[in-house]
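The structures considered in this document are given below.
Presented sequentially are two complexes of chain A, the first with chain B as partner and the second with chain C.
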Partner chain A sequence: MARVLWAPFLAALVAVFVLLSSPVTYAEVPNAVPPKGEHNGKDVPQPIEFPHDIHAKINEINCMYCHTYARRSKVAGIPPTSKCMGCHSVIATDKPRIQKLTEYWEKRESPPWKKVHDVPDYVHFTHEKHLKRFVFDNEGMEVERVSEVCAFCHGEVKNMTVANKVKPLNMGFCVRCHEANDGPSDCWKCHK
Partner chain B sequence: MSLKNILENWSQYRRGHEQGGHHEYEHMWGMAIDLNKCIGCNACSVACYAENNLAIVGKHRYSKSQAMHWMRIERYWDEPELEKAGLVTKGKTIETGASFLPMLCQQCNAATCEPVCPVAATYHTPDGLNAQVYNRCIGSRYCSNNCPYRLRYFNFWSYYEDSWPEPLHMQLNPDLSVRDKGVMEKCTFCVQRIRVAKDEAKMADRKVIDGEFQTSCQQSCPTDAIVFGDMLDPQSRVTKLWKTHQVELGKSKQSKQNPDKRGYRVLEGLNTDPCIMYLERVREV
Partner chain C sequence: MSGNQINRRDFLKIMGWSGAGVALAGCDRPTTVTLHEGKEEVVSYLMPEEYVIPGVGVYYATTCQQCPAGCGIHGRVREGRVLKAEGNPDSPVNYGKLCQMGQAGVQGHYNPDRMTKPHIRKGGNLVEASWDEAMALLKQKVGPDSGLAGDRFAWFTGQVSGHQAVLVNALMDSLGSERHYVHEVVNNAVTRAVNKDMLGVATPRYRIDEAKAILSFGADFLGAGQSPVHYATEYATFRTGDRGVLMVAEPKMSLTGANADLWMAVRPGTEGVLALGIANELVIRHKRKIDNLPAEVRDLITHYDLDTTAQITGVAGDRIVKATQWLHSRTPSLVLAGQSAENQAHGYQIAAATMLLNMVLGNVGRTIVPGTELPFPQLAAKQGGTADLRAFAKAVEQGAYDAVFFYNTNPAYTAPSYMKLAEKLQSKVGFKVVLTQFPDETAKQIADLVLPLHSPFEDWGTHVAASSYDEAVISMQQPLMEPLYPTTRGFGDIVLDVLKMRDSDNYGQYADYYAYLSQAFGALSADWQKTLQTGLLKVEGQAQRINAKAVKVSLPDYKQNAEFPYHLVPSARLGLWDGRHANIPWLQEAPDQISKVVWDSWAEMHPATADKLGVSTGDYITVTSDQGTIETQVYVFNGIHPDVVAVPMGQGHEEYGRYAKGRGVNPLKLISPKHDAKTGELALYGTRVKVAKAGRSEALVRMGGPGRNEAQLGRKLVATVTADVYRRTEGANDVA
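The block that comes next holds the complex of A and B.
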């Protein structure tokens, strides 16, 4: 009797499980399955509404052109205003956002950009080693496609204006990728 | 140590060195401290406070033995050998001064603190270090009670609240966390410096060079009494010192051929297999 009652329920459960575990492919980082669900962070108001889409998508500027420290240090960094002015002293000078930027530049101040992606203080994370593994030492990965690698933790920033946190960036998120890609599983590799 | 690692390699982490132990070491950080050179100046201890965000607990708590000195200088006034020679009378302070013993976590390879942790917050890393993961620690203090050297320190209070009043909080080292109430902490052999050196070596596709980095106690020692390095590297200074003084890892009793060699490890008879060798102080008798 009990078996008869349970059978349809079990079947439904199996069906749901099969549906949920249908293969999801992510090209950015081999073998890694990101955690499910929404992990959108709050909107971070920036001094200037920086359009990532115009830069990275329409004009196809490499992420590492501005976030140049990513390949050689722990942090990807925010570019100095001089880097913005390198182009924007001549490009799009009539736009209000650029005029605001020029104001900062002439006052010799940097816009007080706010951090969007932050890991807790007890976490040791280096951009350079991750880029080495997934871009420079990754066969078949061209540097031009680096945004795909960035997107694994930062989301499709290409399609955003001001960057927003869309991935959880918690321990489960890190460990999942480390397990899939044979990353170190030693606590002290990340915890400090 | 992820969950997978815990389930698969548990027995490996729990084995003592006589059963083979954890044997996939990448490095084996070790130290040699020459007590002949140690002048007991406490510079190492101060440097450790600065480097590792050690809380200043104040006189009252210090007197209750709640100080957080990962590196402490122990003083010994009695000299049994001098007493035997009739040069000192027992119980009287000798004019030659104290003997000093800098004590820091011995990073035992068969650490007694590790197997008793109920949550695996302390474990052995592939670097041969005895790690303490603050996020994992629940503060049972079992490890501290099991440490024969008493080199683990417990945060009984939220010391960060008054330890670094403004603007002193600016001196905190961002490379390691500021510990809160309820976690155990201890010397890490300056793992943040090891991490940087290893990252740099990896980026340049080379091995870590001996002497590339120093622990903060070693760096600040005015008499160069502390030598630190990788014991898996046969060319490192520390390996050579251990060899010269005929002290070996993985033994509970050293088979020294030459009794004049000064090397010894503290309480090695307890089978803890510590990674720090001390060179005995020689007195004129």
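The block that comes next holds the complex of A and C.
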């Protein structure tokens, strides 16, 4: 009898153990184990305090609308000033930040943005391949929710104004994610 | 690695704890690989071009300008910057391949020592000037009101072809001048003259790929030859399948010699005797018929029996026998002559003797075949040599010119010191204009006006290869990126501006060289856009006609020289070439293919000679000709004739920027005033020298071998095997 009584309890215990020890997944992104690691990035003063939150959270603009090269190239690309002006020649033209942007535009200059996320020159990182793996070739993933994939490495940018570096982006961070997601482990995949 | 907080001890500790997990924890130290935020700027496009994706390269076709071969290239451009050059697969010159010099073109382009502003000589010094001042000076000196008589003007250039050659000619026409001197130190001018006389065409097509045996008399077709990439590709075919046999006879082992199955150290200047000795062997031993040759030539061949040939040339009889056997049994064969054979005081005779051997072997029409002639002779390459350098020096001495334009050449460096060219130019020519990218010797020492040029990656042009290939093509040169400096200009643009001063009726219509070129292409009924895309305009050419005609040669007796007992070999290599690439660090760092010395000069010497002098590798020696002395370190090596001292060209620059200046010695300065009687070409390999111990010694910095100063720190940059191992594993037949 004791065996019968203990059996469900044991099963429940094993289930809890398995649940606890299995990787915590973002329910939102299927077939993915997000990388672990935090970085306490300092604030980077930018020429214009660009509000990511207004664009990505409040107005729900897709990250790739502005960072249009991410799906096509190794770099995501800072949007061309002409893209900003596409909207802001009519939207929010009374705001000081937009007026500053317009000044740059009229001088035919791009704002000298400061780089926040970077990897060393000896690391070949490509946005294109990562978006293919986690978004475009990922069954059950909708492209509208790409920001959740971006957040793997860039954090919750839609809750920030100017971007802040919140992930370490170092080799351990990359390698653990590659291990968890069956990414390539050849040295020359990144160091070439 | 600034800010790296893992020192070596920490690293070893981490590794000592073992386990990948622990090692990876090291990778998590943020400062090891994490860059500081906000340090660099990332500037976006203001308005992107539709076809530009940052991070993705685009390729433009253009033509390599690192040597006169004219290989087609694809330049990879990213974010408006050229990053890499590769061969254009459609080019019949290089079939998509590119050599180290071509690869290093990018470093020439980004060289920090580029000339970026015009300079005018004032009171002996070059002073920075504006383009307005420079053009005003040009107008004053060569404009229509300058009073410059046409025959008082000359061009002095390296090889030019295509529409640049047309513009060079046009400027001469507008002035009424007829003098265009073309100077290349690495050349085949004597062979061209022999070919013209004996075949009827100067540049037939050589089919290295069709040959089953090749005998090269110093023709370094894999290295410092006329089209190294093209011939190396054909050589690969030659060596595959029914593996062709390569024999090389030369005084000092070249890159081609190092690849030979049979290498023969020949006494310099006796290559013609060796060629006729082999011809004699073919007749005597192998019963080859030579009835088609004139009686006097047949008679001459009989003079060189095996013993006589071996005695004169210093090549052992059994080697001559073996070479003859191979040439006899493996047809078709091909005999080539190169600079060490033909740049002698009787170089024409030597080269003609090698062509006679081709005729005895029946190679003409089989491996020496008609090439395709470009139907536009005005675009053909104007090939250079050293005869023009001699003629120019003489004309300058006689005060023949008031104005000379220099382009794509550096005679103040390459001219032998006996010519005293720089001094004569300074005193006898009133106005010397140097069009150049770099502050070379000619610009710094003799120019009155220096005009800074765009790099080849920033400029327009068309090029026609000098050698003959399957197809006749005009190879396009187009800018791969915006000019790095706003104050350099294109060669064509400058010449066009001078032309406009003198002949605005004909040239005033062209806004710039681009307009001129695109209109010229219209005249050729060529699709301009398509040509820009492919980089090549293939044109229907006429096949050359070859008429073989044997000439009698006369080979002088070999003479010893008691005062200067050694021969100087100023060898050229694929890399520094004639010294034009000494300002490219990659090519300085790339070791010499034979000695593996980097960043310096050296003197190659046979072990027996070194023993006689009591020197070993690293010891300094003086090498003295009747024109002067240079001092450099010895490199003792078997692949050289015991009577020869070889000092490579390329170093010993007095100017030419931070990477070239003050490094090594220039053997061209020692060249004696001797020349080939028939062609006027300098006897570059005909100088006799004496050698003495300088009494000091230092490590000779080489990259290769197991020696203390040759360590590669386990990097295997240059793999080496001993000759014994090579014989065992690679099946080499004869290694000196």
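Everything that follows uses one rule, which is that the second predicted complex is superposed on the first by the 155 of 192 C-alpha atoms of A that agree within 3 Å, B and C clash if a C-alpha of one lies under 4 Å from a C-alpha of the other, contacts with A are read in each partner's own complex, and residues count from 1 in each chain.
Rule of thumb we're sticking to: a contact is a pair of C-beta atoms (placed from the backbone, for glycine too) under 8 Å apart; a residue touches a chain by one contact, two chains touch by 3 or more.
This structure is a prediction, so every number in the text was calculated from the model and none was measured.
Enquirer: Overlaying on chain A: chain B and chain C, fit or clash?
Expert: Partners clash after overlay.
Enquirer: On chain A, which partner touches more residues: chain B or chain C?
Expert: C
Enquirer: For A:C187, using the defined touch cut-off, is the partner it touches chain B, chain C, both, or neither? Pick first, second, both or neither.
Expert: first
Enquirer: Which partner chains sit in contact with A:E103 here, chain B, chain C, both or neither? Use first/second/both/neither.
Expert: neither
Enquirer: Touching A:E60, do we find chain B (first), chain C (second), both, or neither?
Expert: neither
Enquirer: For A:K114, decide between first (touching chain B), second (touching chain C), both and neither.
Expert: second
Enquirer: Quick check on the superposed pair: does A:E49 touch chain B, chain C, both, or neither? Answer first, second, both or neither.
Expert: neither
Enquirer: Go through the superposed model and pick first if A:P80 touches only chain B, second if only chain C, both, or neither.
Expert: A:P80 sits against chain C, while chain B stays out of touch.
Enquirer: Tell me which partner A:V175 touches in the superposition: chain B (first), chain C (second), both or neither.
Expert: After superposition on chain A, A:V175 lies in contact with both partners, chain B and chain C.
Enquirer: Once both complexes are aligned on A, which of 8-16, 188-196 or 260-268 in chain B overlaps with chain C?
Expert: 260-268
Enquirer: After overlaying the two complexes on chain A, where does the chain B footprint on chain A coincide with the chain C footprint?
Expert: 72, 175
Enquirer: Applying the document's contact rule, which stretches of chain B touch chain A when the two form their complex?
Expert: So the residues of chain B touching chain A come out as 1-2, 4-5, 123, 125-127, 129, 131, 133-136, 174-178, 191-192, 195, 199, 202-203.
Enquirer: Flag every residue of chain C that touches chain A in the complex, lowest number first.
Expert: Per the stated touch rule, the residues are 24-30, 32-35, 37-48, 53-56.
Enquirer: Spell out the part of chain A that touches chain B in their complex, as residue ranges.
Expert: Result: residues 72, 121-122, 124, 126, 128-129, 132, 175, 178-179, 185-188, 191-192 of chain A touch chain B.
Enquirer: For the complex, which residues does chain A have touching chain C?
Expert: 37, 39, 41-42, 44-45, 69, 72-75, 77-82, 105, 108-120, 123, 165, 168-173, 175-176
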